[in-house]
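Same chain, two partners: chain A is paired with chain B first, then with chain C.
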Partner chain A sequence: MTDGVPARQLWRLHLEIRDHMPLWQQMLVVGSGVAAGLFISVCVLMTSGVGLSALWNEFVVFIFTNPRNLSAVMTQSAPLIIVGLAAAMAFKVRFWNIGIEGQMIFGAIGATFVATFDIGPESLRLPLMAIFAMLGGMAWIALPAILKLRLQVNEIISTLLLNYIAFNFLLHLLYGPWQDPVSSFPHSEQFAVFERLTSLNWGKLDFSLVVALGLVAVSFWLLISSRFGFLLNFIHSNPLMARAMGVRVAVLTLIAALSSGAFAGFSGFVVSAGIESRMTQSFFIGFGFSGILIAFLARNNPLTIVAVSLFVATLMIAGQSLQVFYQIPFATVQLIQAIVVICVAASEFFMRHRIRLAS
Partner chain B sequence: MNRIPDRTDQATAGGPVFAPDEQFLQLSGIVKSFGDFCALDNVNFDLKRGEVHSLLGENGAGKSSLMNIVAGLYTPDKGEVLIRGSAVAIKGPADAAKLGIGMVHQHFKLVRPFNAVENILLSNPTGRYDQSIRRMRSLIEEKAASVGFEIDLDRPVASLSVAEQQRVELLKILVAGAHIIILDEPTAVLTDEEGERLLTAMRKLAQDGSSIVLVTHNLKEALNYSDRITVMRSGNNVDTVNPGEVTSADLTNMIVGQSIVEQPHPAESIGEVRLKVSGVRTARDDSARALDNVDFQVRSGEIYGIAGVGGNGQDELVSVLMGLVPVVRGQIHLHGQGDITRARTDERRGFGMACIPADRHQYALCGDLPVADNFAISKVLEGQYGTWSRVDRRKITAATREALSGYDVQGVRREDQRAGLLSGGNAQKLVIAREFSGQPSAVIAHSPNRGLDVLASAAVHGYLRSARDAGAAVVLISEDLDEIMLLSDRIGVMNSGSIVAEFDMPADRHDIGGAMIGHD
Partner chain C sequence: MEFLINWLANVPGFAVPFALGAMGLIICEKSGVLNLGAEGYLLVGAMIGAGSMLTLPGHPYLALTLAALASALLSVLFAVLVVHLRVNQVISGLAIVFLAQGLTSLVAGKMGWTNRAFSGLGDIDLGPISDIPVIGLIFFRQDPIVYLTIALFIVASYVIYRTHAGLRLRAVGENPEATDAAGIPVLTYRFAAILIGGLFLGLAGGYLTVVVSKIWVDNMAGGRGWIIIALVIFARWRPWRALGGAILFGCIEALIPRVAAIGIQVPQYFVLMLPYAVTLAVMIWTSLSKEALSNDPSALGRPFVREERR
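And then the complex of A and B:
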């Protein structure tokens, strides 16, 4: 056993909590996080046999110089933006909505209901589909929201499990009453032209990106500018204090959760009436967790959600071509996405802390 | 093996192996800065074997920083730490523990679902779990008996009272073999009686050869329980004195650098009954003591003090008055508004009720949000600072700046700085600035001086008096009888969930004390 520790001069790292960091520094930190993630990913890919020049080609040249691929990234990003907003809306009141996919399914069911039964005049068909989609999503989140507010039922569990119920209900519809009568495949019949989001004549890009950006503006106003958003900040960081100040926590939580469901339902409409032109049995897969991820990385900020969604969409599209052209397994593509996400998440530490070297 | 001898070592060595004046710990020329702020500027301190040494000073005087250096949480920028005469570098709490130093922090570091034995084992891990847990239990029982602690070792720590949790923290460092025991504001969370028990136990530990540093801003504790007192002020040590040779007025002068003793200022004009609570009961649940038939009235322009030992329904009374807990039976009446028993919190605030809760970081402030937002929320809720569709940040910033200087809130460099970084006194002044910004008609203040130093609590008391003089009905709920006696125009005593006695001022302190501890 030693006699304590001898005194000597040492260089050591000092860890201190920051009270404030300018925006440009925050962006620099996140940028470094992305760079670090990409660097590790490049190392992983090179060990699985993809050359550096090939990577440069796939990620940078292929995507950013080829308009077709750029439009594919944009198309992919539209629903990602919307599910990111859906997650952010719920997370802002600490309602951990894991049921985005279930709400997407019910959104698509609402939209398909309008399309299948030809409700309303043709000129109003799309807006009606959108409204029914939002109502469907809201209906699917209302139950866990009320269970949480009334009986303190954990919404992580209830929203997650409702995903499976929604999925099986979707299968029931697609193998049953709503099966495509034309092809007899288990998907709904193709939407009529006026029931689809208009193409923008640039690759596969359709009107959904415009709609998504509109929703970003609405969310920005709701979460950042309005009184509602001001109060949500308090519920987010200290619900006890918010309640003691007279903020109607339960009411605002319910409103935010319902908005989250409405956004998720809307994204179900956007995917169905956009990329797919019909309700399929797999249109929603992966969007739930992508939405959670995007909202987390963007720290619930609507503008940042756009940037993060574009980034995630790029990773997805580049991952697809890596799979096709370099026989990289899908697991590796997921690994790369995970590495980048972890690096960005870890960079948050440097926003909250300062590290100094001192003697 | 060359450790600081403990009692068993002494016994085997056949007598004390230390000189009576042996220096256990010496700090010389300690300097520590945080950014531009110099927390400790060339501080000296020494601790002898077998003494209780109080470290007195205001919030922010540097007491905790200095002791965090000893406990290995901070490293000094300059200066030396000597243990029994030899210089050491304490690189972390583990080093400190090896040197026989243990610190009980203000905020306990316990795993709440674990019981006491598991918590103590966690910080003193040895060998196989099943064997060590049994050995640890008997060791803890022995240590607990030697300092006279009673404690339930099997219940989860979360279900223990604050005083019991503190004992677990103490046993943790005693089991680790600490001989230099640092207690950071140990009595701030305790009732008077619990505090006395703790400090008596500490005296006994000192008699047995340990050394205790008592970090406090309570003059009486320092005078009654310590062998020496060191006073710190704004990062410097002012002086070290013997408690027999100074009065509390001398100490106050040393602490604040000027003479400040608060004088009572009774109300001058008392008006109509503003707030009337009659026969209020609340439902019982597991954790909270319910209110049982609470009756009192407060008039405009008077401070009604509610004295009582903590845990007799004070927290519930605040919640009931602010509409956070439903009333089962009885009525709350606010002059001009009528029966407000069923009114929501936001409605009551709209009627001009303001609240200063005891736990300001939990119920009055959002630590993660900017100072400006924390100031503005009450008025934003009332519909000011912009419209429902747009919150006017510029107006908020301007109003905050004005209020911060009006209420002398220090330590805010920018209005968008997080409120969690304010010190206790400044956080409380921020809360008061917000709560008093709307000319309240009734103020509910719960232990408003908790954790504040002499200057800050004098300022807070001044604001309460000026609210009263402006015509507000002030309910002051406090477990600090000095505070109640100093401020109140009338005093009610709370015991077992109801008001059991009322006194007009001037009242006899002993009568009030008797009502406080009377049986159920």
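And then the complex of A and C:
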């Protein structure tokens, strides 16, 4: 690596920058990264008292032989796919949207607003809730987006701070005006049947997965094959060059950021009107980080996002049963995700560099 | 008047975590490494501090030391990722936060440290000086770490601005290529800066449990790490301005439990939003001011790759 290495050193490492790596090799590197991450996670779980056979049971047998659990994984994957798309949309223009949870909260608030005040006819209630949810999410990302574009305020911190503000606002609503009048618990009133996503009669699976896959198709077209996606790619790889070539970088960044907020708000609606059937205090927990992780691992590609979401959903469902049977805190799911991300991110070093042992 | 004295006497205790954390981040970011993991280091420090107090009661200084060391250990992972493996600093920083959130919750849960109160470090009593009305209460009846923080600020700003090592540290953050050409080991400086930053942030986290709350609750840093990051931007990487900012946030945090006492009727959750809203306002104000883009380390966030040197 350096010139003038001491003579006593018998060998040294040569680092070279790699410009290109064949796709199969890239997949091999990422695959080994994931494998290393999972190996470390298994070690962590084993040291906290979950045996190997128990892990096999919870993660493989339990999920894939029981249709009820498989349907639970599918149900869980729908909002994950949508937050993954939300993160990918923003990352495409290098807008670090860390505020997905805050936007989910405002999405759910928008949807619950429509449901609580019975806005619109019953047949149009669900679409209205969805639209208000997207508007809520967009409103909550608009401020950091404008601040970044106008004043160069760092969006990582502003979106993150808005998460805390949104959460306190949610608590204010749930302990105040929107508290459930039936049970007096701090969650909103249960949504009426026509305000919930239709069940698909397979375990808990509801219509949300269909919607999520529809959004994947739309995003695939938008990001991969449309002119809009091409311009986003341009901005991603070189914003200065894009500006110089006459691309309206600010407008496109704003559009991408707002769509990211809309997706996040929509997933808030999906969780509330689907799995939870009301707005709770904790419906959003973990989705923000999972969205970032999914988009990062999937390289912002909508199709890969589906695959990674299924993986994270399996982790979440298995994590719930680990919590019940082995007293493993649910935050461990987050720990495993973080370990996998770190390993994959570290493995990219081998994608960009060639290492040689020189004697 | 009594309200004011009471309020001000409580400010230093709330300001210390912000001040220590900001100092750590400034050292780290002066070397050109963007460290978004602050929240994670605080959590690890806080959890280890509480755990140490619960297993070895009566040794607060040991607990604080262990807190700083544990957080430094986590910062080694971050340093290897961003310095040696050249991973994106934003992704690494975020991953560190989420790793720490999961890890502290798992470890504290398994060890049975969660929600268990202990007796921590108390305030000093200088006898007659501490009994001087007003001044004694505000300045001479604090815990020892408050005074240590001031000492650390003096030492750290001397090192950064008045010594060879400090000059090199700043050079690494401004122009790593030129510094490298001058024969200064860029990667070593960055590694050391991240490590020292980890120590400071861990001490800040340990302070949160050992001195302030005297109990560990999951995720108890409550966004203070992010406020510290914003604070450093607001201070334009200047230590003494950061101390001023820390005192400002100390005032706000000390005010929160007292708002109801003044007789202002604001819904409590709006009061709890205050630190985050003020942080956001401060960030907007900072970018509006004229010196917005001056003084930040030019190479902040950019990995140093010698093979790509131009």
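What we mean here is this: the second predicted complex is superposed on the first by the 297 of 359 C-alpha atoms of A that agree within 3 Å, B and C clash if a C-alpha of one lies under 4 Å from a C-alpha of the other, contacts with A are read in each partner's own complex, and residues count from 1 in each chain.
Convention: a contact is a pair of C-beta atoms (placed from the backbone, for glycine too) under 8 Å apart; a residue touches a chain by one contact, two chains touch by 3 or more.
Here the structure is a predicted model, which is why all the values come from computation and not from measurement.
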{"item": "Chain B versus chain C as contact partner of A:16, first or second or both or neither", "value": "both"}
{"item": "Touching partner for A:333 - first (chain B), second (chain C), both, neither", "value": "second"}
{"item": "Per-residue contact with chain A, leading partner among chain C and chain B", "value": "C"}
{"item": "Touching partner for A:231 - first (chain B), second (chain C), both, neither", "value": "first"}
{"item": "Partner chain(s) touched by A:152 [first = chain B, second = chain C, both, neither]", "value": "second"}
{"item": "Which of chain B and chain C A:54 touches, first, second, both or neither", "value": "neither"}
{"item": "Touching partner for A:243 - first (chain B), second (chain C), both, neither", "value": "first"}
{"item": "Partner chain(s) touched by A:28 [first = chain B, second = chain C, both, neither]", "value": "neither"}
{"item": "Set of chain A residues, in rising order, touched by both chain B and chain C", "value": "1, 16"}
{"item": "Residues of chain A touching chain B in the complex", "value": "1-8, 10, 12, 14, 16, 19-20, 221, 225-231, 233-234, 237-238, 240-248, 358"}
{"item": "Residue ranges of chain A in contact with chain C within the complex", "value": "1, 15-17, 44, 48-49, 96, 98, 147, 151-154, 156-158, 160-162, 164-165, 168-169, 171-172, 175-176, 289, 292, 296, 327-329, 331-339, 341-342, 345-346, 348-349, 352"}
{"item": "Of chain C, residues touching chain A in the complex", "value": "36, 77, 81, 85-88, 90-92, 94-96, 98-99, 101-103, 105-106, 109-110, 218, 222-223, 226-227, 229-230, 233, 267, 269-270, 272-273, 276-277, 279-280, 283-284, 287-288, 292-293, 305-308"}
{"item": "Touching residues (chain side chain B, partner chain A) in the complex", "value": "1-3, 34-35, 75, 77, 80-81, 83, 86-91, 95, 98-99, 322, 324, 344-350, 355, 357, 362-369, 373, 377-378, 380-381, 386-391, 414, 416-418, 421"}
